[in-house]
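The next part holds the structures, each set out as structure tokens.
Two complexes, one shared chain (chain A), two partners (chain B, chain C).
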Partner chain A sequence: MDIDDLLQELDDNKVLGGTRDINDLTQSWIAERTAPEILPFQTALLERLMERIRQQIELVETQTGNLDPKTNFCLILLQTELERVKFLVRGYLRARIHKIDKYSIYILTTPSIRGRLSPPELSYLKSHLGLLNSHFLASFLRRFPEQLRRLDDKAGGISMVEEPDLDGAVFCKVVRDIEDNIARIPGTDSEFKLTKGDVYVVRYSAVREFVLRGEIELI
Partner chain B sequence: MNNNNHSASGPLTPAEVAFLCEAQSVTIIPRQRLDGLDLIGGYIPPFHPPQRTTIPLWLALLLKRQRRCNIVPPPWLSAPNIERILKTETENQNLFCPDLPYRWLETAELLLEGCPDDLGGDDGELRVLLRGLREVRQGKVREGLGKLEATYLQMNNLGLLEITEVRGFAKGVVDGLRKIGASTGVGLVLGWMMMISRWGWCFISMVFWTG
Partner chain C sequence: MYGDLGLKLVQHAKRTQSLPQLPPYQSDIVRSVTREVRDLDRDVTEILEPFNGHFDPAEEPATACSLLVHHLCMRRNKRCLLAYHRVRVEAIEEMCWSGSDLLEQVQASQNKVAEGGAGIGSAEGSGASSLSPEEEEYARQYGDLLAAYKGQWTDIDLTGSLEPPRDLFIDVRVLKDAGEIQTEYGAITLTKNSQFFVRQGDVERLIAQGFLQKLN
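So, the complex of A and B:
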């Protein structure tokens, strides 16, 4: 094995890495769109991809002056792919922001879920909630009596804090062989076996653990 | 923000399913030389016509539109094969044929639209067969939904686009049955209590509001 082989191997790794990253991001996007709760932020994955996007944009910018038709055509292809990847990244982030807006107080008050947010998402959540709070207060809440002004009121047996419905039905696919492959449905005595390749419609709480471990993919 | 093609929440729309489908690989016969391309999603090796090569479907469709390549249809997408699968599907009412890939319907649609001339002769016949196949399977899906249970439902060998089509309904039924199950017995009493307390709260705040 000489130096060329080693270089080739390095290149192969890089190439496979890129394909894998895109696949992972696609899967994260789908999962975020279908899971009722917010899932852990893919910090390392997004960092790698944002860096690649930056490099690619730089390449396009430096090459745009080139008038050779062949290079020009290659640039069109590069840009097309760039748009596709950017669409995925945007879709992923927007799906998360949607959930952050919807369940903001719940996320903020549950430490285990709050840890799933990236630092920018967390600061967005806080400032957005602050803005909403002061807006509500200024426009109508201040006319309310003191004890009815809270947005996280739990009085009267009903909570104002909206929480994700973990029992909501999801579509999922078993992607790996699982050792302990019996899924139990909480609150009932029914259970079912998970075999690789199976597709199920089931409440999220029954497969939540498997999804977080990556053994089941949401579709 | 929430038009049909693009939304931030909820399951994927059919347009997004088609977008995902374009990421899979397909074999082409290039008609022109092209240098290697270093894409984010992987390296595309240089084209040496007429040597076959494998590239993502979106790129293949783009090159095809500019008549820079021909697409080699996947082996399952041929009239005789679809006819065989259609026959199996019609004969076995309780089975979804496992010989179709996960993204069969989307892939077939995209290829029929993007490169009908590469699909080996009569694409009209293929269209008819595919439509027949789709209808047979849809019929079975609808029948399966009739037997839906509150807890879980198995849907093996169903394509992604087919799942997307029934997903809203199936999810509604599973969620609805769950709520009905929960509201019997203790759940029902609790539900009523919650309702009463909610209205009570509204009533109190109205009194304060008007007073």
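So, the complex of A and C:
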């Protein structure tokens, strides 16, 4: 055990619940923005954060009007923090919506991916697809012959359904000791060992399982 | 020639991507491409008719080849049409997200055409909107959908700025009269060319709509 481990231990114990949530949110936001596919929705984390955002807003509202310079200063800090957390949540949700729009049919037709959406996201996805479909139908597809009206055609060698490119490169960092620590790059013979603290640029498909288990973080 | 019009649509779509505003909907080309597809489909039916459903490609390679070309043309036209509409739909969604009022823009372009067309005659006045009726309908419905989804996150303001917030308070200059706004420090009257030091959250929407300009 060296000094780094000691510091690490200190960090792990000292981080309060609230701070950890913010860290988790930042991490989820970064991961969502860098991963090619949509990741599971952080339901519990978001609920805790939204609850605290509400509490803070209430606190700010009750304290406004207090002319004491000290509370005024505190309020400014509180509001700045609020704006920052809101920005993170907004960025997180928008990144997800972007992917939902882009890969809508793929997400809807792949049950394992579909389960990663929150209920409001799922209903957004469905209504959006419905809207698109009826828009295309109204604009030109209704005058088409019957067999050419589908939007998820696979004939002619080109699939109309856009899928995320899981072979896209990502930057990632190993954050935990992993037992089965050999990552294989699909489609090639190469494999590499994952040691805690390592940073890699690698195809997303090679580390996908580890990322979903939380053993590797995208950075 | 087959496919020419489809290519034109794709070129329009490509051009649309780099334009700040949506150019007028090419309803003529869309209609012609659709007609081309229907003609092709009728040809296919005619070619297949004498075979009574027992067509064997190996026996009639020439007919099979012609059928294949017909089918590929139809699919290509469909892809062109979809690409063109998709690009426009994305632009419309972008506008919904950024909060700019679509109907306002449509009206503005209508006014422009009305002014410009006054001297020439009212021939152009009718087709002034750059959106097709279907697109206007879509914009309205998507706006509703977005509002519904945003309703789940009332505290966050999903359409807010995607720039990380640096300061709580910012300097803004008023570009257009925006009337009076309520803030927690009282009401502010925003008159043109005046300058204020306000909370970013209070004026974000007005900046997006072009009433205020942020100063660094």
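By definition in this document, the second predicted complex is superposed on the first by the 204 of 219 C-alpha atoms of A that agree within 3 Å, B and C clash if a C-alpha of one lies under 4 Å from a C-alpha of the other, contacts with A are read in each partner's own complex, and residues count from 1 in each chain.
The rule we apply is simple: a residue touches a chain if its C-beta (ideal position, glycine included) is under 8 Å from a C-beta of that chain, and two chains touch if they have at least 3 such contacts.
This structure is a prediction, so every number in the text was calculated from the model and none was measured.
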Query - First, second, both or neither for A:T26, with chain B first and chain C second - result: first
**Report entry** chain A residues touched by each partner, larger count belonging to chain B or chain C
**Finding:** B
Query raised in the report: Between chain B (first) and chain C (second), which does A:I105 come into contact with in this model arrangement: first, second, both, or neither?
Result: neither
Query raised in the report: Does the superposition put A:L132 against chain B (first), chain C (second), both, or neither?
Result: second
**Report entry** Which of chain B and chain C A:I178 touches, first, second, both or neither
**Finding:** neither
Requested in this report: Report for A:L39: first if it touches chain B alone, second if chain C alone, otherwise both or neither.
Outcome: neither
Query raised in the report: Is A:R84 contacted by the first partner chain B, the second partner chain C, both or neither?
Result: both
Requested in this report: With the two complexes superposed on chain A, say which partner A:V161 touches: chain B (first), chain C (second), both, or neither.
Outcome: neither
Query raised in the report: With the two structures laid over each other on chain A, which partner does A:I57 touch: chain B (first), chain C (second), both, or neither?
Result: second
Report task. For A:Y124, select first, second, both or neither according to whether it touches chain B, chain C, the two together, or no partner. Result -> second
Query - Set intersection of chain A contacts, chain C complex versus chain B complex - result: 53, 80, 84, 87, 91, 94, 97, 143-145, 148, 155-156
Report summary line: Interface with chain A, chain C side, in the complex: residues 30, 33-34, 37-38, 41, 71-72, 74-75, 78, 81-82, 85, 89, 93, 132, 134-135, 137-138, 141-142, 145, 148-149, 152-153, 155-158, 160-162, 164-165, 167-168, 184, 199-201
Query - Touch list for chain A against partner chain B, complex - result: 11, 14-16, 18-19, 21-22, 26, 30, 33-34, 49, 52-53, 56, 70, 74, 77-78, 80-82, 84-85, 87, 91, 94-95, 97-99, 102, 143-145, 148, 155-158, 167-171, 185, 188, 190, 192, 197-203, 206, 219
**Report entry** Complex contacts: residues of chain B adjacent to chain A
**Finding:** 8-12, 16, 19-20, 23, 34-35, 37, 39-43, 58-59, 62, 151-158, 160, 163, 167, 170-171, 174-175, 178, 193-194, 197-198, 200-201, 205, 208-209
Query - Contact set on chain A toward chain C in their complex - result: 50, 53-54, 57, 64, 76, 79-80, 83-84, 86-87, 89-91, 93-94, 97, 101, 120-121, 124, 127-128, 131-132, 135-136, 138-140, 143-145, 148, 151, 153, 155-156, 160
